[in-house]
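Note that subunit A is present in both complexes that follow, paired respectively with subunit B and with subunit C.
Showing the complex of A and B:
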């Protein structure tokens, strides 16, 4: 982590200087979070990386406390969660923070992903940065799914049944894989125990990948709304205090909405059926996953073939891995892509409608609409994106970030 | 200018998606509408009506507890309903709970504050056997376990229609016979539980007139508290937390403005 440019900082505090000479953590913080040159023209979409980081830390902190009070046993898990809410001091707060925190973590990450797509942050030289982000998304999905199983309510149990059964679609070895995942011939205590172990493990894997994500980010620095590279000091500001303060404001605004849910409507985003203890003999009328999985659930059910549905569902995420190479445009930001910009909004609407279809049983109008939206989702990435990049005529790019910022101020 | 364009584009996208979803939702609407009751525990400043919840406990004890357990509650929790420890001890004085004697033999002993609510049946099999094959659900979190819980439970308490008052269509649609119970608000209408409440089903100690409507409201108040005993604490904390965050956000905004003053 030796500083490659500029003079290393001098620390007045002798203890800090002593440590830093041997382990340069203070130089590192100084370089990467204080003087780090950051484009001066971020909008509020750039808050969501910091917000997602705050949510990750909050989820781990509340999760560790919950884990000390939770009993991972099929006969006791449901009641132990309720015991946490009733008899652990402030247990209701910790549990509702964690439960709603999952939703708000996904909100932050989905906005963060939209930001990356709209402003072309995934393009060279940030392809690996983007791919690490998609890895984080996949890990988050696995973690959230397994966490939802832990209260052992009806939706926990039947959600786990639906998702683990997807693997039975794998030809030849499918059933063996499902038995292996369950740790037995049905979803039962061994399943709950392994999900608990993995639910505790994966967040720390996420932390590690986030660290790589940040390292990759700090090689070439952040993208910005204009999508052009900073050309000199006039285009950037030091990360601190400019963006620490702006992120601080953004985080506070986000936390206000989060707190409103935690304190005043903690169960609004959950399914009521998860307050019924798991019962393998009674299938709920509708099995729906948490809202953040609904678009992918809709894709799964839109395809009339089981294996095809599973492949499309995973493909919907897999396609993001190759996004940097599907996009052939030489311009990053949608601000200068007059045609693609509109297709970006159509994609967002498409995903929202898919989410809505995912919340309802696959019958009537939901079936054709899910199919059209699924088709459009893949059409966007596999056809539109490569073709449009070739034929679209981008708007002229401003000469520099400072130029654009200052002309806006005058005009 | 660009950012205002972005804002309108985002709003437009959400509006289009919402319109599409709304049209689908209207097509799918078939549920029976529940009568709306004004509950004092709803909203960010909601509190439980202690008197109503105490009457609700009386109904639970005298009516519901014959079949429905309340496993997640202990007698000590009743103190939260505005009763003193001695009053609660008085309330549970006649309750005998199963236990083991020092020599390991099964005995019944008077209930203590630390005991969980007594179960009406020894186990789930016994509960199912005594109730036509299916155990009556535990009521501890019933208000959270049903869509629009308070209104739903209230509606079911009031939703019974005697067999001779049913239209032929209702009978055909639900498949009820003379020996079944028909409930307007229960999914499928055929419900195993006979109408549990009626006018003057209980004699209230505080002199409140025990109408069916009053009883069902009181029992919902009690069960809502049982589902979410920390609701008042949660609301109070929430108001403080939000006020703190608003002040903090304002402060951060002011700091951010002054830091950026020379850059824009």
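Showing the complex of A and C:
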């Protein structure tokens, strides 16, 4: 069973060998998850891909179970969710796992994206890997948005109203597009039905894109905190047991925090207004999306023009698609980019402030602050990145991963 | 090659169309598209909300001051210029300035503006105020301030008598 780098595996178990000869899944697992040479210097930021995968599986598992008790009808959806909470055995647990799972899935993915940006994981030859990641993010956002509509509370209804109305900003065909999305003249039962169908479908599309993401990852292997390529066996360790263990540990730590929320503060990240049944005639005093959309919501509201706001909001994600080409620096890791490193932290602060502004009504100081932050967000990607890559003087790169790791141990 | 490619493209589009059109409003949804309202109980200065096509519709019995305010505005001051008269005309071209009927959906992102109920904030122009993103409408339901691009929509309506109106 065991094999060293490169040599094809030999399976002692006859059944395994019989199957593998016809469908080489065991060889595949052996090559990609056992002997797979992985940089030896990962830090804990490299856990978050595995953590996100675990969250995706968990969301699908809890979601399928919830679907067995949920009723996708405008008159019954709210009560069916309350029934899950009160009458269905362990329904409250499954639902709180699913509800908080969405938040923790986004936490994992946002940290994963930060990791990719800070250590330059998007640069050649991993551009497509990065783009597939942005596609996953978009699919997650669509799935999360439609999932939030399903309990048919006030925030479900009015969140859906605001978000679907974004499409009415499209010139000429906007209103027709919105009617088509709704399947009627307003958000109503047809809308709920189709959102439910898509909310069930899209996670499996995400699984497919994650598979492509992993295939693309395994062509050139993972990036690492130093951002330099492994030059030989002294720079890598086999994925198993080294990173299966490290990922396992990281997943456990993450799940502990997640469980703390599920059991002790399950509604901390939700909005109380969603426990009021949807009412098409009364808008809540304040419509706020889930926390993971707040920075984008702040960008939408920062622009005083409807179409402009919508374009900037979608543009904030679209700009990520071309990130590999906006960054002109040849050095991947921020560890060796003394100037850009600080701007990376400014970007993180900028997004956090945007999120804070998105949670408050667009009045007083929140308006100019969200405008400044929106400006910086686009300035960072469109101006700073291309220019800084040309003028910044990076620190000298270490000759190899092994060199850097071993000299750190001594010194 | 080109011809068969073009045929295939036509086939794909023709097959895709039923799937796309399937998401449009169904016949029963379209059938529920008009309502009749008796406006007799609405006193001068009062407004009510009725539900039409799943959306709120505001019916306001305007006071002479409100009508004058709406009439006196110069069109050049309006983001979406429209005369007050044009907004209080029914489908039979009869003008009834005392009755303002508008769809109660903010043209920004679809919230329901406040100002219909007694005691609601009505904004700086004494019409409606949208709590979501701060759009303000005047006594004719026209946008005056805030992010909304258009006036509140006036639905097709017809007064069959002085007190009975059919909306839609």
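Just so we're on the same page, the second predicted complex is superposed on the first by the 406 of 411 C-alpha atoms of A that agree within 3 Å, B and C clash if a C-alpha of one lies under 4 Å from a C-alpha of the other, contacts with A are read in each partner's own complex, and residues count from 1 in each chain.
Going forward, a residue touches a chain if its C-beta (ideal position, glycine included) is under 8 Å from a C-beta of that chain, and two chains touch if they have at least 3 such contacts.
Source: prediction; values computed, not measured.
Participant: For A:272, is the partner it touches subunit B (first), subunit C (second), both, or none of the two (neither)?
Facilitator: First partner only.
Participant: A:184 in the overlay: touching subunit B, subunit C, both, or neither? Say first, second, both or neither.
Facilitator: In the superposed model, A:184 contacts subunit C only, not subunit B.
Participant: Please work out whether A:161 is in contact with subunit B alone, subunit C alone, both, or neither, and reply first, second, both or neither.
Facilitator: Second partner only, subunit C.
Participant: Thinking of the overlay built on chain A, is A:253 touched by subunit B (first), by subunit C (second), by both, or by neither?
Facilitator: first
Participant: Determine, under the contact definition given at the top, whether A:85 touches first (subunit B), second (subunit C), both, or neither.
Facilitator: The first partner, subunit B, only.
Participant: Looking at A:335 after the superposition, I want to know if it touches subunit B, subunit C, both of them or none. Which is it: first, second, both, neither?
Facilitator: Only subunit B is touched by A:335; subunit C is not.
Participant: Using the touch criterion from the header, give the chain among subunit B and subunit C with more contacted residues in subunit A.
Facilitator: Counted on subunit A, the partner with more touching residues turns out to be B.
Participant: Classify the contacts of A:194 with the two partner chains as first (subunit B alone), second (subunit C alone), both, or neither.
Facilitator: second
Participant: Across the two complexes, what residues of subunit A are contacted by subunit B and by subunit C?
Facilitator: Correct list for subunit A: 285.
Participant: If you look only at subunit A, which of its residues touch subunit C in the complex?
Facilitator: Against subunit C, subunit A makes touches at 158, 161-162, 164-166, 168, 179-188, 190, 194, 280-283, 285-287, 301, 304-306, 309, 362-363.
Participant: So in the complex, which bits of subunit C are touching subunit A?
Facilitator: Result: residues 20, 23-26, 29, 33, 49, 51, 53-56, 105, 108-112, 131-134, 147-149 of subunit C touch subunit A.
Participant: Given the complex with subunit A, which residues does subunit B contribute to the contact?
Facilitator: Where subunit B meets subunit A, its residues are 2-3, 6, 9-10, 12-14, 16-18, 20-21, 24-25, 27-28, 43-44, 71-72, 77, 137-138, 140-141, 144-147, 149, 187, 229-230, 233-235, 237-239, 241-242, 245-246, 248-249, 252-253, 255-256, 259-260, 263-264.
Participant: Show me the residue ranges of subunit A that touch subunit B in the complex, using the header's touch definition.
Facilitator: Contacts found on subunit A: 40, 43, 79, 82-83, 85-86, 92-93, 96, 237, 241-242, 245-246, 248-249, 252-253, 255-256, 259-260, 262-264, 266-267, 272-273, 275-277, 285, 335, 341, 345-346, 348-349, 352-353, 356-357, 360, 364-366, 369, 405, 409.
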